[in-house]
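Shared between the two complexes below is chain A, which has chain B as its partner in the first and chain C in the second.
Now for the complex of A and B:
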């Protein structure tokens, strides 16, 4: 049948796609409104946003080095000097995201057609992405992590610091109490609101810094899974036939790999590396997304506008990702949020087994492990906070996933 | 088709009934036979018990007799060189002026604190231990782990034994042994009336067979065979005498020649080495206990060897459980399901102060010369560790006393070298490096390290950044590593902690693929530094993974290994120890102290110098729990 419609010009082919896009924009507005209607959804997204905020600005919240101080008559800014490359890059990306969020909202308020708004937003997004990438690359290349040999806690006790302005919490994630007095596993005190761990490090500071790992592992691994899953599912769903059958068998093979055991084996052989863990979790958890995308594409490929696009002789990538994908993405977003929750759980389990992050990097799972290591006494006061935070975060992701699903579901979605 | 009952059918029916009848008859016959057999069994058991009673009576009489002799003989005098000691019970220990040694014990050696001498001693009851892990193989020589060795301990015996208090060699299966003046010839004379636990006599042939088994290529015991490298022959002289010859003197030769476990030839006989390797679950020896059963995944049960050639063993049964989780094991101990447990530092400090607990259970804390030590090993081939100034500075940055106090709850000792501070091998005049970060920083500056723009020390373009490799799964070790990282960072040294799964970790050590390593060596009573410190051990994946090579130290090791006179050897060890303490190829951290909680019903549980001896424990008759 495609042969018959070869005469159609490109302009006519764009009409359905344009319509589909503007419909898509309106559709997301409707979904967003439906999602925000429920207070629990608002709460869950607020919680995740709070954790994201903490993960970005945690160096300014919990740090052993003061913001500014006068030592030997010289004013210094140790906290800023001691920020690592990773800290700077996270800050840059965080600010870029914040700027975009504001821009997105402001552009939406401006008058203009859907298409204009969209174009402006894309412009903003691309320029911000480019800026963030350039600055990050520059930081990565030029900046070296500074190793501060000063012990500000000791100096403060000796009274050698003048005009010191400390962070709200005066402990970094690796700062230890001196060893001469046993400060390991202290019960919560005035100095350490949540107590100390086995190295005499402040539990609250480690809890705040741990937010980074939890967020990072969930988001990065699921983004990897999303990219692979969408591409793979799209190809399977569009081509059907042999590609689909073979592709589905491969999906089944990947699904048969027990991720946790693979991770444990990997860590055993190649050592602990949190980035590799993210990649592995990503590489093994894309199958769910691929299945959903395939199912959606099987449905969409039979629709008229796809036939029209094909008839117009559009390139394959355009048909797949420009015309079909926006309409088949809805279930993927739901799977994505559930996947993030699963990845957080995986990391916690690995850290709990003592094979997660590299010490002394804190993560909530490793803090739980330290509190309840089977070889040692159980310390409930160290277990409560990280356990509760893991629970809340996974719960929040699941609620968001569920909320999105309800908002998307046309049977539940009675517009206004 | 008609359904007439033909002759053929008739025959079938008859045959059918015949078959049924014969089956019934067979059943009857079997049950009759079984009844007869049971009757016989009961008879046998009665006979057995009678024999056992007689044996007990006999053993008791023998003990009484022996003790009687002992009381008249008085206290044994201490050994001096160039003299002969013949105590009244007939023991001879003769050290000839030419250096040869002759030892003769007419009766097997007794424990330093013989439980049978106690007034409330009573045989009986069980000892339930926790092995921690299930051994894969329990057969001698080819066992793969420490757990297998613990099972061996009461089941297998060797020609001589080491006294746990004096560290002296005493003849066990042998009645006497002789060491030639040049230290190359060892002659053992077996006791009369030795038997294996199956009643089979133990002869010189079994000794020769045991030696040959170890030396057979293909028998899965290569590391063990390494120790016998210089033993050239094992010869049967006569029915009770066997002679080992060596091609090179070695100070520990007596230890492993005399310490060779003797296994029964009639059980373990093999044509091909693989056949022996396949007998991993068979364990039969001449020791006081024998394997009763091995419940896979649960426990190994040992039972008293009623045919034991020596004194009647104390316990009816010894059970070794495989409880892996330390917490579970501790709960099992608290509920008196197991009789002894080795608590972690924290549990130890908590419970040893608890008077309710100490009323019910015995608390033991004891240093042991063979407990080993923990250390930080520096890869000397890396440019940052190549000079001793730097290594000394690294040691001085670590507060080892505080590590012992805070992380190990004072359950360890400071050390200065690989030698245990409890043995004469250690020179007490060598003191550990002090903890002094200021001096350490000065030393680093003297060694040419200057802080770079980013605060990290740099020397000739080399940044002082390295990975610390360690094993996973030990929370205390991880804490110590975190502490060391923090200390080094305060001096401008950046250290990354990289925990590895243990097999991978040792593999990386073999490949010399590490910067610094944090682990422990297990120890022995007199340490032979050749394996870890001689420059010969660097190649072929040897244990000298740090690559320590010092000509003078090598020479001292070689000389000491040839020196049989213990005083001269100790002087050499002290010289060597001074070199090691100065060079600091390792930062020697600490040697652990052993901790044990023991069920209160056991008596005679004081540790010897070599540690606890559970087979010397006993339970007074009134407190016995299992019958």
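Now for the complex of A and C:
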């Protein structure tokens, strides 16, 4: 009996570890391996990671206030004092994400069954999310945006700062050169590596801060589009028939209106602060995802496990979103990545036309616009860098999309 | 054939109605429209209070919120009145120009259509041979590099390329090779037809280049995929078996059969192309619909914005219809009724 028990134990110990190799988690391992095989994919992901990193730590890279300084005999920490709520919350969430990425990777190396590993990961994720939410809420309550009227550049020139430790770039995105000297549209100098814009603000600092807008607009608007598209597509694909026909009609209608025209109409009527832009871009770009999800759901709904779920009397939401969605979502990730690229392009076009994010906010598109009309006053040193960064970012997202598509299903390697 | 076209036209009506409904709803449910506070000024760039009020008045009139005696009209009837006005060509009055919007749109339409038509032709002319070559050399260096190159072109922001082209190639300070203003010179009335055409083409080189390169990636890929699908079919083996050369097989047999998806996609990429022309008109100071729309948005001239969005949508619907008809003409297997 004990022998039998031992055998059974060893068998159960054997099988799950094999299963851990070959089931859901392993699917992504395979996809990830195929994706990482190509150096161009690694390079593109590296670029996006670099932008994420810059977006998180940019207050410490480009800031007009020194980290620490002795002023009138007193030690102060102006940079930390001047960080806004948004800066702090981005820092907290960024660190949580970084910790989770490392934890995810380490837990995957641990011995254990598939379920154990997954449970540990979920535990980590939930506790980190909770911590981040609590700390963010605390910051929101306690931290008030501080208005620092001191001009540290002027003070430094007058020699009133002792022991000052400045950020690598001594300009924030809104710091202007003093108004008494004309520093508008400066050619690159030692002080301003990429020159200054029409308000005497450092172009490099604005480029770095612009990373936040590019990331934020791209990801958030596409997440909005994803939520709408998945819900819409899932309902269309699951209830074939009238809902499907009417739904597809509506998708065709929205697709027939040129996106940029629709975007501009929205902007003209609903205003154009950055959150509004995210929502608007999301509202105009969900159709591709909806089509994709619909096609996937049409395929999946005929599978046995869906029939089983229906026969077991599960509620509709459970069938749709717990059982069908995880299996239908994989190819959508590709559409999502291309969608992020398109959203970045849309934002830069809107900002370039002067109807995107509002002026003091640094966006690469509006920086290109600020470089001036190319036919008359062409300031190429201000125009080259932001455009090139938009190109690199959009290209990177597109490469990642293509790479993921090849990795997920080599047979899909054609236009949808 | 006629019945088929008629049928397509009839099917287009619900789409057109749905589209107008979307455009109507966007304006009708603007925040603060009925309450009067803050409507159409949310962006903050409208410093001119008077123009804002004028826009509001104009849009309220256009939306038929109240009838002649000031009694409120029900929502469905508002839509019906709006629709009646729209289809009878009454888009309201422009606030900036003090002129009927329909007249402004009519003036600007030809430039936009010319740009888009020329770009479509160029895209097809490059994408078809490119896709064919890529499919024949599948997996080889040319295929991979061409795919990568077109993806790069697709990712190039048109705002940047346009800026650089105008700044470096059409600028007296660098290379004054091309003109950068409008679609023709100012003194065209003294030119003969050929001189005018030369002048026109000279002006369109840069804008058309800008507008075309983005669509290349998409169409090349489609052509390549269609070619690859066909290359594996039986009729290709037959053609090879009867001793035809590879060039004949590809250019005469596979080429024709893989043209069909290229026709259907025509309707698919027109909306994107129209969007692109919006930016390009702005950069190259071409007086087209896009330029009209952006200027109107900046000035909160809403009747124009709405009208241009409507006309743009109608153009893409017409292209959808054209693609359908071309498809039937090109593929005898599709039945007419």
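In the analysis below, the second predicted complex is superposed on the first by the 369 of 416 C-alpha atoms of A that agree within 3 Å, B and C clash if a C-alpha of one lies under 4 Å from a C-alpha of the other, contacts with A are read in each partner's own complex, and residues count from 1 in each chain.
Heads up, the rule we're going with is that contacts are C-beta pairs under 8 Å (C-beta built on N, C-alpha and C of every residue); 3 or more make two chains touch, one makes a residue touch a chain.
None of these values were measured; they are calculated from a predicted model.
In the overlay built on the shared chain, the residue A:269 is in contact with chain B and with chain C.
Residue contacts after overlaying the shared chain place A:63 against neither chain B nor chain C.
Applying the stated contact rule after C-alpha superposition, one finds that A:199 touches chain B and leaves chain C untouched. By the touch criterion stated above, A:348 is placed in contact with chain C alone, chain B being left untouched. In the superposition on chain A, contact is made by A:184 with chain B only, not with chain C. Once the two complexes are laid over each other on the shared chain, residue contacts for A:370 go to chain B alone; chain C is not touched. Between chain B and chain C, C contacts the larger number of chain A residues.
Looking at the shared chain after the overlay, A:360 reaches chain B, while chain C stays out of its contact range. Look at A:146: by the touch rule set out above, it reaches chain B but stays clear of chain C.
On chain A, the surface touched by chain B in one complex and the surface touched by chain C in the other have residues 267-269, 271-272, 354-355, 358, 374-375 in common.
Chain B meets chain A in the complex at residues 325-327, 344, 346-347, 350, 399, 402-403, 405-407, 451, 453-456, 472-473, 475-476, 478-479, 481-483, 485-486, 489-492, 494, 496-501, 503-504.
The residues of chain C lying in touch with chain A in their complex are 14-15, 18-19, 22-23, 26-27, 30-31, 40-45, 148, 151-152, 154-161, 163-164, 166-168, 170-171, 173-174, 180-181, 218, 221-222, 224-225, 228, 270-272, 274-276, 278-279, 282-283, 285, 293-294, 296-298, 300, 302, 305-306, 308-309, 312-313, 316-317, 320. Interface of chain A with chain B (complex): residues 144-149, 151, 174-176, 179-180, 182, 184, 198-200, 267-269, 271-272, 354-355, 358-360, 370, 373-377.
Those residues of chain A that touch chain C in the shared complex are 40, 249-250, 252-262, 264-273, 276, 341, 345, 348-349, 352-355, 358, 365, 368, 371, 374-375, 378, 380, 383-384, 386-388, 390-391, 394-395, 398-399, 402, 414-415.
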